[in-house]
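Common to both upcoming complexes is chain A, partnered first by chain B, then by chain C.
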Partner chain A sequence: MGPVPGVEGFMYPNEVELQWSLLIVLYPYITGLVAGAFILASLERVFRVKAVKPTYRLALLTALAFLLVAPLPLQLHLGHPERSFAMFLTPHRSSAMAMFGFVYLWYLLVVLLAEIWLDYRADIVRMATVETGWRRWLYRVLTLGSMNVSEQARAVDERVGYWITIIGIPSAFLLHGYVGFIFGSVKANAWWSTPLMPIVFLFSAMVSGIAAVMLLYMAAMRLQGRKLDMLCLDTIARYLFYVFLIDFSLEMLDLVHRIYEADESFRSLDFMVHSRLWTSQVVVQILLGTCVPLLLLASVLLFRFSETARKHIYVVAGILTLVGIFAMRWNVVIGGQLFSKSYLGYTSYKLDFATREGLLPAIVLMLLPFAILWVLVKLLPPWKPEEEGRDGVCAVAS
Partner chain B sequence: METTRREILKGAGLLLILGARANPGGAPQTAAAAGSYDPHQHLWAMTIDIDKCIGCGHCVRACAQENDVPEEYFRTWIERYEIDGSNLEHPTVTSPDGGKHGFPPSSETRTKQFFVPKLCNHCLESPCVQVCPVGATFHSPDGVVLVDESYCLGCRYCVQACPYGCRYIHPEKLTVDKCTFCYHRITKGLTTACCEACPTQARVLADLKNPADPVHAFLRENKVQVLKPHMATRSKVFYRALDGAVR
Partner chain C sequence: MKGRWQNSIHLIRPAAVFLAGLVLFLVVRVFVVPPTFGQFGHYRGAVLDEIRALPVKYAGQQACAACHEEETHLKSKGKHASVACETCHGPAAQHAEDPGSVRPGKPEETALCAGCHEMDAAKPKWFPQVNTKEHMAGMRCLECHPAHDPAP
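Showing the complex of A and B:
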């Protein structure tokens, strides 16, 4: 038997094949978008950052659309997806992964659906009376039997919604910090095993979620022919910059720590970053996906740009940010499997196209949340008709 | 009375079976006879003497045959280390087809060379058992890490968690697969297929709960080591003469 294709040096014989594929890259990416979008929404609700109000409902619907898709890559990846329900019935308490279903359901049912329902309740009741045909029936079902939209009832909704958001923030942290823990707690893997992993995942989630909602807001306004609320957009971009700065600092801290400590895994990981991960890690993630958007966002804070220029800067920075965070997920998940646990060799990842874990299902899974979001926006419009065409609708940012 | 050929063969078969029971693969008889096996009375482990391993691959072939291990996957395998005295941290390691067919002669003459058989370490603090989301991977009462393939989701988290690279996804069953210490054999009083096939007794099955097991003398009289002790998994595969370069 000759040398194994794609393998350099020595891999344990069972290590040659990568276990977690592109679909597992999508899983933290998608849950990150969910958590980030929700935290952006909570800025308005809990922290009273009124400037971001135009994106509040859009952020919630975005979080829901992505959350509904989040388990699908996992299901597709399992050898026996038909047994996945066993995680609910007989969860193994010492397993970080066993908690996924519970964290997911908590977040979906207790936090997201409840908050969206409470916020939209008055609209749902109104539409249940003014709409006709199947839409009327749909909205009637969505009222859950409560047609009371008196001032008193709305005040209760508001209060309950506020508390749900307060519960929702640590839940969003839990949802994504937990995903980071799944990787960070694998002591066998030097690339993953760091207590910084959950916190890096969390901040990168906030970065990606804020960037996604910012871009979706701009796209939605353009599609609907409405005027962009620049104060809102500038505020989101500012928050994106701040959170991104923390995220980048944490990642650099991890990097510097690894370089300075230079433990037994260092030579192997260092070689990997300078060879197989050079493009995805150094070029795409760090340079294009982090440094460039950070410089662009900083430039808006430092210099005066016209409204049009700022919009263009935000689009470019937003897209690069999303690409950069995707590259980060890729480098964690795929990168963590390219080197041998013997630190004596490297394997490679071959991405198929139209296979169960190939590029095609990954593309479909990434498009699916946008289709769901489109339906959600049609059913539950995030913007009231009277807001149409308004400029600077929001109060001054807090 | 004339003895038929059938009777001779039957008698020979019986003798072979009794022989295997009496001294399975040279290993001490440690398991109870079939039918009376009490898992709580045993704690299975393995000793591997690096100095005795000749890299013949008998163990890998026996394991593959006994356990129907699919091609290109390994429940056990052998690595050959070649270490240049001045470059201890960067050994050259090879394991062509898991060492199943032995190793070609090395062209290196100035290196330290030895073979390291590997298999599941049946750790007492197994990371694989810890991470399994449904408990399909579990510790048996007699200290063997097993997989319930009718319950395994095929999520592969345990494969990631194993520091030793001992697990793989069975390409047909789509569930995880690994060494079971030939559980179907040891619970019947036999030794593992790999130990039975080893011509030099480099690998020997051991029962840590059996006071008469030679493993106690082995552990007492030799300097032994486990793989990656810093992983703190409480591995139960004990190596004699394990070089520090082995990963």
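Showing the complex of A and C:
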């Protein structure tokens, strides 16, 4: 241990304290959940995977709930949230970070809100007529003044919604690929600087989003005492496995490439992985958060399990996946700041609790999307009443 | 054709909401963005004049040398040759304007010296640096190291 607490070896003075905190870990985690949830929704809409239909609307609402929270960790980290408006007023086209606002707005307004509105329009119009009090007024505002939900009008909505989803897929890729690009383009940081970073972020986003919606679907059905649509669940789990396999392959490709290339940063990074990042990277991210869920999901494809066993396997695999992807974000963001650019020293990250960037605001920010989702599900029930009773696809009691 | 139009017309409503938002944003932008923004680069052009209008606080090395010949000569031969007078003595433009009535404050020497010479592993080995707590032993820096020619 050197003279500065938490520092070993040689650090430049500006490296001793980590500038990007837990909140910056949350930011790619939350945007990843948004992109992943939307990709799952597009499976049904564009790729016609009808089995996942019961989760289509839930996935859209999940994406919206998390998207609304996505900029908050950044606002809290930077302070002065009112200044963020300046990036719209005077856009800086050569800054990837400054362009985030436009990527975000595009995704929120043109993709998510438009698609949700089009898909829910018939329900909104129906509720604007049957509801009473403030809810009636709310739905009337949401109809935007159009009560036409004839079959032909719905067909138009369906066609436009389809095209919005088609635009939405590259937009979701852009949203999260951009987050990976922010890290991957930092050429001074050997831990981050790889062109694989955006694509690794993208696939890990899909993994986390699919796992999150799978768990939310199971939780929602359980809360309402409804039967799960096992065909839907099995299909989601199968896609989760495939995407996870690609994600894992890409991450291992990056790792193998680094080991084989062994450039000037390798000894330092290798030491870091074997010391300060051992638990979070090797144990939590790779073993518990990737290998175990992959084996669990593969076992369902290889062997025959009862329905109850499969449900338990999906819950364990889903939770481990979410923990593993969180650990991946942690290892990228925090790991990239633990070693010196001189490759001769290491610092450590001390997490505070009730400070602006501490554990408490991080927990609140992580719970906030679930609160928003709860409100959204109450206002816009994801399961249509006419499907009630059909294979566990049911209406939310509102 | 008419039926198709009637069944598509509701799509104009969200488009109109987006458009209204966009127009509102553009109107707000006209009022909020300073007129000289982007004049010279990605900043407010008028800020240059505003900065230019700020009172000058530092007199500069030449102004000091004009009166304090002895100290300037001593310093120019010592290890602090590259350190400007006002680095230690503070901004002295007002003193240069009116030497009789405005005198620069006296620096708090221990903290000032430690600012550069406190031991830090990140500094180059050749740079003189000490652990002040151990090194000072109750003495003042200037008792051993005259500031204008500090060696040894």
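Convention: the second predicted complex is superposed on the first by the 385 of 398 C-alpha atoms of A that agree within 3 Å, B and C clash if a C-alpha of one lies under 4 Å from a C-alpha of the other, contacts with A are read in each partner's own complex, and residues count from 1 in each chain.
One rule holds in what follows: a contact is a pair of C-beta atoms (placed from the backbone, for glycine too) under 8 Å apart; a residue touches a chain by one contact, two chains touch by 3 or more.
The model shown is predicted, which means the values in this text are computed figures rather than measured ones.
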- Task: Record, for the superposition on chain A, whether partners chain B and chain C clash or fit.
- Result: clash
- If you stack the two complexes on chain A, which partner ends up touching A:T90: first (chain B), second (chain C), both, or neither? both
- Task: Would you sort A:L144 into first (chain B), second (chain C), both or neither based on which partner it touches?
- Result: second
- Query: Which partner reaches more residues of chain A, chain B or chain C?
  - Reply: B
- Message: Is A:A114 touching anything from chain B or chain C once the two structures are fitted on A? First, second, both or neither.
- Response: second
- Partner chain in contact with A:A153 - chain B first, chain C second, else both or neither: second
- Message: Just to be sure I read the superposition right, which of the two partners does A:A188 touch: chain B = first, chain C = second, or both, or neither?
- Response: first
- Message: After the superposition on A, what does A:H80 contact: first (chain B), second (chain C), both or neither?
- Response: first
- Query: Looking at the overlay, what does A:F47 touch: chain B (first), chain C (second), both, or neither?
  - Reply: neither
- Query: Is A:F353 touching the first partner chain B, the second partner chain C, both, or neither of them?
  - Reply: neither
- Task: Determine, under the contact definition given at the top, whether A:P13 touches first (chain B), second (chain C), both, or neither.
- Result: both
- Stretch of chain B penetrating chain C in the combined three-chain arrangement, among 9-17, 45-53, 207-215 or 225-233: 9-17
- Across the two complexes, what residues of chain A are contacted by chain B and by chain C? 10-13, 90, 92
- Contact set on chain C toward chain A in their complex: 3-4, 6-11, 13-14, 17-18, 25, 29, 32-33, 37-38, 42, 119-122
- Note on the structure: In the complex, the residues of chain A that touch chain B are 1, 10-15, 17, 19-20, 74, 77-81, 83-84, 86-87, 90-92, 94-98, 100, 182, 186-189, 337, 340-344
- Contacting residues of chain A [partner chain C, same complex]: 2-4, 10-13, 88-90, 92, 109, 114, 117, 121, 144-146, 148, 150, 152-153, 155-156, 160
- Interfacial residue positions of chain B with respect to chain A in the complex: 72-74, 77, 79, 90-98, 118, 127, 129-135, 151-157, 159-169, 173-175, 231, 247
